[in-house]
Structures are given as structure tokens and as C-alpha cells.
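Consider the two complexes below, in which subunit A is the common component and subunit B and subunit C are the respective partners.
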Partner chain A sequence: MSKENRRKERIDRGIKVRSDGLYALMSWREMAYLIAPRFILIAGLLALPLLMPGLYWQRVISIVCIYAMVAISFDFLAHYVGLVCLGGAFFIGVGGYIAGIFNAYFGMPPLVTIPLAAIAGGAFCTLLLLPCLPLRGVYFAIVTLMYPLFMARIIEAFDLFGGTDGILGIDSFPSAFTEQYFVVGILLVFVFGLRRLVTTDMGLIFTAVMDNDQAVRASGINITYYKALAVFIASAMGCLAGACLTHIYMWSGISQFALDFSILPIAATVIGGAGTLVGPVIGCLILVPVSELLRDFGTLRIVFYATLLVAFILFRSDGIMAFAKRKYEQIERWTLI
Partner chain B sequence: MSKQTRQDQPILRMENVSKVFGGVTALKDVNLDVFEGDVLGIIGPNGSGKTTIVNSITGFITLTSGRIYFKGEDITGKKAHKIADMGVTRTFQIMRPYYSLPAFKNLVIPLFSPRAKRTGGWRGGGTLGDRKTIAIDILEEIGFERDSYIPFKTTSTLPTGYLKRLELARCLALQPEVIICDEIFSGLSMSEIASMVPLIERLQDEGITIVMIEHRLRELFQVANRIMVLNFGEKLVEGAPEAVMADERVKEAYFGSEKMEEVMIYA
Partner chain C sequence: MEILVYGTINSVSLALMGLGFAMVYGISRVPNFAHGALYIICGFVTWTLLQKLGLPYVLAIVLSLGINGILGILMYRLVLIRVRGMNISEIISSYAIGLAILEGLRYGGFRGMTYTLPVFMEGMVVIGGVPVDYHRIVMVVIGILLVAGLWLFTHFTKLGLALQGMAQDERAALMLGIDSDFMAMLAMGFGAVLAGVAAITILPLGNIVVESGYHVLIMSIAVCIVGGLGSWMGAFFAAFIIGYAQILSVVFLGSHFQMVVAILAIILTLILKPSGLFGQQKELEDRV
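Moving on, here comes the complex of A and B:
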């Protein structure tokens, strides 16, 4: 190619179709354009436990995945259903306690308690949140923020399930290897499952409820049912994360209702990119390790942490994913005129 | 013509319907019968309770007193989605599309409803295929150019005329028995209205009962076979368009001192 008869062209030029998210793929090369980012995410997450030096950092990866599950459930509820739910700690706590109860008191293995906690916990959380479903926006957020505090106080006041000591003597995962790959695998299933769900016809109903719930009612669709279904999906994910956490720590107690589990996922969603469902995972991959690294600074940790958050909100307010997506779509190649 | 169809039982009946908002009486003892195949026009000055009638029939508000029947069945106090499920659909005066979705995906939502699954959706023939394809068929039917970019555009970028059509399309996707149009002509240009009128007439020919709330009297009188006039929440007159136009009370309440003919010209 001489300099005169060439120009730059975006590499997605030939394959983008007029509607969003539709591509016309003709060759493996064009397919690779779409597969590459997904492959990097999957391979990266699967490789992470192997790359970590020592048990401590491997454990951090498990915790990252736990937070990421809560974060994508927050992202799904807030940006695809329009319910801003600050009750991440509620889901974690309920899931954690259910797994703890069935393991310590009934002797069920983690393989049973984790799915059980997801389903039963999801049903329990949905049932408790059902009266709040007509609320919208900031009102729903405030009420859901109250739930974890409410649960923690009830357990404390009535001395339920070991009271402030929590439930002790819970089984751990068989090995560190199974623990990490279990949570990484579940996380990947959640990310890709939710991304698929929101593009199906049922996923469109969720978006419609967010956009204009009155029009959904006028279409002959019960909005309470779909809101409850969305809350069930999100809370089941959160409860599953909580159950994993219980088995990792071999303990469940009221600190699982701590506000950290509500706040950090939201911060991760802001940093990673709201409404992308992958962004929160990336946000957690940054925030949780940073939080661990800053442990040496004692109370100053919060200062660094807050500075990082403010910097992100100022300079990358749409999140890393939106930025990365834009840059990826702008990649150009030389082509003959 | 089906214009004069009359049967013994009305498809929609309002009995002594009243609605009080705080201290304001929006509707006072309104009685109304709508028969199958009717195009009923409801007119009245601003604040006379027209939209309240729509909201009360479709279950978006609860009545203070009175009862509403659809095909003889009491639907008073039923939930809005249940009433839509029975086939009584409505449009909104202030359009309520799903702004973040492309236009054709707006119709996937009504096509996903239990009623559409039962009836097959508009011209679905009882079997519901790919919802997105049916959505584009419906859009073409109501005037979205199929081969253009318009059905695929994000709804927030569409002009008012298309949004009004989209409101009607949402009703059609449910394969309705009754469509209640809340000011479907308002905010449209003359040419847009001119293309909407045949659409309304076609729906009527297909046996759909239509209730139209309208300020555009000229076009309303073209399609309507019965007119009800509301004033301060009370039914003033009801009857054939010509009779209503000639009525002294209507001129007095609704049009002030102006002559009816002048109103028709400027409407």
C-alpha cells in the first residue's frame, strides 16, 4: 500500500447493522472482533487464581467475586428494572445465615446449602421486599437500606442463631482450588446469563417497567409480578454470594449485614460503568484489592479510598466499561481506497 | 355500514359514576352506554373530566361511587392490567412510550402480555411468532415506513406524530375490543391528522369500538357517530353529532358566544 491510495477505517465498519447490538458476521476474523473482549474477560477471570501469589491473595480473589455478584445484581436492578436497591447486605446476610443454619444445624454439605440458600433466600428477600415494590426511586432505596439493619437488630435482640457470636463450625469448601473456581464460575454464569436475559423479550419488560410502568399496566401486564421476579433474580444472586461467603469464612454472623456489602458494590458499579453488567465486575476487581493494599495505612485507608472514588467520578463519570467500549469501537485499520 | 349498529347490551356501561379528588368533583353521576362498533366522541372544555372518564374505565383510578360494566361484567375496582387484559385498551394524552427502547421493541411489551399470547396479537392469527417481526408489521400498518430507519430508531428521537401512532399501536398489539383514545389528534399537523382519520375508520370497520376524547372537532365529527358533551364533570348532552352541534346548551357551555360554524372552522 502506497501512502496515496489508503485511508483509515474503523474495523467494525463492515459488520455493524442498523439496529443496536446487531452484527453481520461473515468470517472468523469478524467474529473474533466480537469474541475478543468476552474471551479476555473469561480467560482473565479463570487465570486470576493461578496468578495470585500465596493463599492470602487467592482469598482476595474469592472475595472480589462475592462482591462482584452483589454488584451485578445491584446493576441489574437499578439500570434494567429501575429499582435502586441498597440492600446488598440484606441479600448477603440472609443467604449467609440460611447456608449457615442448614450446614451447622442440619449437616448439609456446601453443595446443597449454596443452591438452597439462593432459592430460599431469594424467596425470603422477595417476600419481605414485596410491600415496598410500589415505591420508586429514592424511596425504594431508603427502605431497602433499612432492611439489613433491621435483620441485624432482630438477630441481636432475640439472640437468634447464636446471637452476636453468630453460627460457628460451618464446613469450608473442600479445597482452596474448588472455592476459587466455584465462585469464579458462578460469577461468569451470572454475568453472561444476565446479559442474555436483558435482551430477551422478558428482559424488555423489565426495561419497560423502568421506563414507564403505567404504559406497561396499560399493556395488560402485571408490573408487580415482574418487579417481584426481578427482585427474586437479584436477591437469589446476592444470597448465593452470601452463602459462598459463609462457607469461605466458615462462620456466619451479623457482620454479614454490615453496610460494606451495600455500599462497595454500588461504588464498584459507578467505577466500572453502570448498566453494562460487566462494569461492576471490573469495578470490584479494582476496589477490593485496593482496599486490601491500603490496609497498612490504618484509618488513612478511607482517605485514599475516597480520593480514588472522587477521581473516578470526576474524570471517568460514565465508568471504565463505557470508556473501554468506546475506545474498542474506535480501533482503526488501513484500507485501500 | 356498521355505523348504526345497535344491540341490546352495551359493550361498555357507566352507571352513576362519580369521582372526587379532595374537594374537587371531577365526575358527577355520569351515565354512559357504548355499543359495539360505536365511535363515541367525548368533548368538553378543559377540566371537564374527560381524562378522568378514561382513567376510571381503564382502572387507573378508583371511583368514589358508581359502577362500570364491560359486556355486562362488573369491572369496577379491577386492576388496570386486568381490564387491559379483557380488551379495553387506552392511549395516553401525554405519550408514554419506552423512551430508551427502539420503536419496534416498544411493541414487544404488549405482545408479551397474557392477552397477546391468548389472541395471537394483532393479525397474529392466533399463533404468536417472532414478536419483533409482528411488531414491525404493526408499525407498518399504522404508518411507520417499513424499509426506513424509523422503526429502529430510539423512541426518544421520534417526533410527536410517530409517538401518537405508537400509542395506538400499543392498543392494536393487544387485539383490543375497545380502544379509548385520549386526544390522539392533539399536537399533530393537519397532514398527520388527515392520515390518522382513515386509520380510525378502518379500525371501526373491523368492528373495534372506539371512544375518542378530542378537541379537534372537525375530524372528530367526521368519524364519530355519537357525541357526549361533558361540562364540570356532568353529562350535558348526548346524541348524534348533528343534534349535539345544534344544541343551545352546548353552544352556551362549551363554545361561549361563538357560532358553531366558526368553531368548526378554527378547530
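Moving on, here comes the complex of A and C:
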């Protein structure tokens, strides 16, 4: 049997078809089939801090969650609203600085500054990005890539908020335990919240804006309002991540606007699976620890993840999550043509 | 007078940086975010050929330009051709390649202050009371010759006309028998060579440092956005606008503002008139 007269066919598993509709409620097996992947994600993330040996790796878990928040906000904006925002570092930096300012200059505790940074930072980022919202495609991507660099240069040039030294002496979380479960909890809320959001009517409008904004406009819907709303949601998430980062490192400075925070989340999204909202989390869970392991090799780790990124874009552009989903839901077999 | 002279020199060096980026984007519509990396790698290849292998300067330059061109072609052939037309993937993959090259060079030990290329001509001359060394004058001459040469090339040779046809309308070019993938590959090669020319003319003025790869990338994007993506002449004029603006801001505000001006120019242009000063894109395509 040569390869020419065979083909691979993919068929949905019976249990997947049965659990698609209301029938899922009829038996424990179908319900377990539906719940299992979600349960693995939640339980896995919650168990991770306990499984990690030593403080160093527990800290890595917090950093993973922070990158994951930025990554899902990128994924949401790029694949559900159609705005490719390459400026994850902008959100991180703005959130980090706001949290730093409120904590160091006004003495507010982290549990106040973090929500404050999310709301105020989200509003600030949305306000600054508002003029760029009519842009599309590569133009929006370039302008958002420039924003973090611009902010960093402005802070450097005007010597704002401690200039190149940054803001020092910021409070940390009360304990390592609170720190980890706070970020893990927030991350889970974001993942499932966004997955719910994109299926609501508002999510439908977001997707429509991505597919054909003129048609949305013709239906009497204000697209700028919805784009601004989406940017606010995404940037608030990014700013919250930035605020957590500031409190974890007890420092906020220009390096929070560094390109690392823009590129790594994107790499994670590509590797984990674009447009799935869970993929970015998986991508971060792989990429961040790997880059920590390679820390001894210095800048070679950047070479490594850049190469990995290119390889994934070329050969596995749908990412790990899409692959796993296919395996979970479908059977594959060879058939004769 | 100082502002005038150094503004011109700065503008020409910006134009040299930006031309390659503008050419690649104009023809193949691929934003080549590895431009800065190609610039730096050409500098290091020239240095290696010159210092390690002891080749004559001219031969080293020609060889490294050739290597750079081949590198650009390979980059297109192996990676970018597969993602062409997908904006996000183009940006991410070309940026990732650039990042890999730059950080790889840094890991390979190319850091510090020890890497310099010799200037073309020693000595200096006084123009209107401002001392200018010969190399900067040579640079301005090369820049102007390059722009003139590019103009002649794209208007009067068959290959140049084919490239221009592709830049204007890829499908129509395909119908007329122009192999668009081959042309895009050539454009990438030319873009890499132009980045190399920029490197060889600008780098002797300072040290070869990996960080300047990012700087060059931002500058070339600034020049191309202000001039209108895909318009070479636009890039050339925009280089003068940004170049003078930078020198003025350095003189009156401080050296920190050099970068602020460039990034501000990008952001403002994109917000106010995304097609740039000389862009040929339709307004409607860029914004809603």
C-alpha cells in the first residue's frame, strides 16, 4: 500500500459529539469528558506553587503567570478584535509605574495599588492608544511597538520618577504564598472570564469588527467605542500584570518597558496556539522556565527562543493547543482513496 | 552653520539606513524587522575579513556586501516566503531572525569597544567655520550617489522596471510574466546590500556595537513611516526632516531627545496621516 492512494481522515470522537449539546448532562462520562481539560488546567495551575522546589522556582511560577496575563491580552486583542498590539511592554510598564508611584509616594498597600493600577493604567493606555485605533494591520502593530520605547525615552529624558534608577523601596506582597496564589488566581479569572466574554454579544461585536468593520459600522454600531473597550480590557489586564511584577521585584523602572515584555508573550502565543486564549498560558509555562534554565548561557537563550519562534511559525503555525485539541476531540486514521 | 552641516550629514546617514527597509517593503510588502541585524552583521563580517584574514579594505567591503546579499536572499527563501502576506507572522518572524542574529553576535563575544572599521580618508576640512572630516563628506556623496543610482536603476533598467512594476501592482506584474517570488527575493537581497552599504559608510565613525542594531531598526522604521511606507523618495525626504529635527533637538534640548524625536515622528505620522508624506497607499486601506 503506497502512500499515494491513502489519505488521513479525521473524524470527531463519539463522546465529543454526544457532549456537544444538552446530552452532556445525561451521563457522568460525558460530563467528565467536558470537565477534564478545564479541571487539569485549574488544578495544575493551583498545584504548581506547591510542587516547585525552593523559592527560586516559586518565583518563576509568578513570572510565568505575569507573562501569561500579557500573552492572553495580546491573544484577545489580535485574534478576537483584530488589533495586533506589539506593545505588551507598554501595558506592563504603565501598570508597574502606577503601582510603584502609589505605593512608594503615597504609601498604599499592594492590595489597593494593584486594582488601582489596573483601572487607572487601563484608562491611561486606552487614552494614549485612542488616536491609533482607526489604524489597521501593520500600521497599528508598528505604532504600538513604538509606544513602550517612547515612554522609556520620555522617562529617561525628563528624569521622571527616579529617571534611570526607577522607583525603589516598594512593598512586596505579605508572603510568598499570597503572591503566588494571587497571580495564579487572577490569571485563572482572566482566562475563563475572557473565554466567556468572547461568546457574549459583546464578543460577537468584537469578532465582527475584526472580520469586517465597515459592515459593523453600517449596522449602526460605533466601532471606535468597541475597539476602545477591547483595548481597555486588554490593557487593564496588562497593567495589572505590570503592577504585580513591580510588587514582586519591589522595584519599577525603565526596563519594564523593554522589548522582552513585548516579544516573549507573542512567542508564547504563537507556540501555545493563537486564538485559543488558553494556548498563551501553556506557551508561557513552557517558554519562561526554559529561558530560566538557559539563564547560564546568557544571551544565547534569546537566540534559542527566537529560533523556536520562527520554527513554530513555519511548521506548526496553529500551536500546541490546537494540536492537543485535535487529538482530544478527533480520531485519525488512514483510509484508501 | 553647524546645524546645517551636521543636519545634512545626519540626514544622509538616516537616509542610508532607511533606504534598504523602504526598498524591501516597497517591493515585497514585507516589513523587514531584521534590517538592523543585517546592518550590524555586515559591519562584523567586514571587520573579520579585514582584521582576521588581512584582506585589503576594498575587497573586504565587496565580499561582505555579497555575503549580506546572500544572507538576505536566504532569509527570504527559507523563512519569509512561507509567511508572506500574513502581517503578524512577517513581523514576528523577521524580528525573531534579527533578534537571533544580534543576540547570537553578542554571545559570540562581539561586545565592548574594540571593534572599529578604518575610515575611508583621514583628515578634515573646514566648511563655513565648521570642521568636518573627509569621511563624513564621502558618506554624504555616497548617499546621494546611491539615491541617484537607485532612481536610474528603477527607471531605466529592465530589472528595475520589473521591480517597480511589482511594487505598483503585484497581480498585474504576475500577468506580465514577472516572477513575483523571485523579484521579492531579489528585493530582499538588495535591501540587505543597502543595509550593508549603510553599515560600511556609517560604522567607521564609531564603534561596532550590537545595541546599535536596534537603534538602526527604529531609525529606518521612522524614516520609512514618515516618508510613507514603500516610497523610496519619501524615505529620502523624510530622512532630511527627521535628521534636522534630531540635530535641532540635540542642540536646543539635550542628547536624550534624539530618540524621542524619531519615535514621536513615527507615532504622530501614523496617527495623523498613516500613508506618510509621499505614500501611495490609499487612505481607506490604512484606516477606517
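As a working rule, the second predicted complex is superposed on the first by the 296 of 337 C-alpha atoms of A that agree within 3 Å, B and C clash if a C-alpha of one lies under 4 Å from a C-alpha of the other, contacts with A are read in each partner's own complex, and residues count from 1 in each chain.
In the analysis below, contacts are C-beta pairs under 8 Å (C-beta built on N, C-alpha and C of every residue); 3 or more make two chains touch, one makes a residue touch a chain.
These numbers come from a predicted model, not from an experiment.
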Margin query: In the overlaid three-chain picture, which partner chain does A:Met202 touch, first (subunit B) or second (subunit C), both, or neither?
Written below: first
Next item on the list: Kindly classify A:Val310 by the partners it touches after superposition: subunit B alone (first), subunit C alone (second), both, or neither?
Entry: second
Next item on the list: Quick one: classify A:Asp211 as touching subunit B (first), subunit C (second), both or neither.
Entry: first
Note to self: Looking at A:Ala71, would you say it contacts subunit B, subunit C, both, or neither? Reply first, second, both or neither.
What the structure shows: neither
Next item on the list: Tell me which of subunit B and subunit C touches more residues of subunit A.
Entry: C
Checklist line | Partner chain in contact with A:Ala99 - subunit B first, subunit C second, else both or neither | finding: neither
Note to self: Under the stated touch criterion, which partner chain does A:Ile223 make contact with: subunit B (first), subunit C (second), both, or neither?
What the structure shows: both
Next item on the list: Could you say whether A:Pro134 touches subunit B, subunit C, both of them, or neither, answering first, second, both or neither?
Entry: second
Margin query: Looking at A:Leu149, would you say it contacts subunit B, subunit C, both, or neither? Reply first, second, both or neither.
Written below: second
Notebook entry, point to check: Which of the two partners, first being subunit B and second being subunit C, lies in contact with A:Val81: first, second, both, or neither?
Noted result: neither
Next item on the list: Across the two complexes, find the residues of subunit A that touch subunit B and also touch subunit C.
Entry: 214, 217, 223
Check: Once bound in the complex, which stretches of subunit A touch subunit C?
Finding: 78, 84, 86, 131-132, 134-139, 141-143, 146-147, 149-150, 153-154, 156-157, 213-214, 217, 223, 259, 263, 266-267, 270, 297-300, 302-303, 306-307, 309-310, 313-314, 317
Margin query: Which stretch or stretches of subunit B touch subunit A in the complex?
Written below: 58, 60, 79-82, 84-85, 89-90, 92, 96-102, 105-106, 108-116, 131, 149, 152, 170, 173-174
Check: Hey, which residues of subunit C end up touching subunit A in the complex?
Finding: 31, 79, 82-83, 87-93, 95-97, 99-100, 103-104, 106-107, 214, 218, 221, 225, 229, 254, 256-257, 259-260, 263-264, 266-267, 270-271, 274, 285-288
Check: Can you name the residues of subunit A that touch subunit B in the complex?
Finding: 18-20, 201-202, 204-205, 207-208, 210-212, 214-223
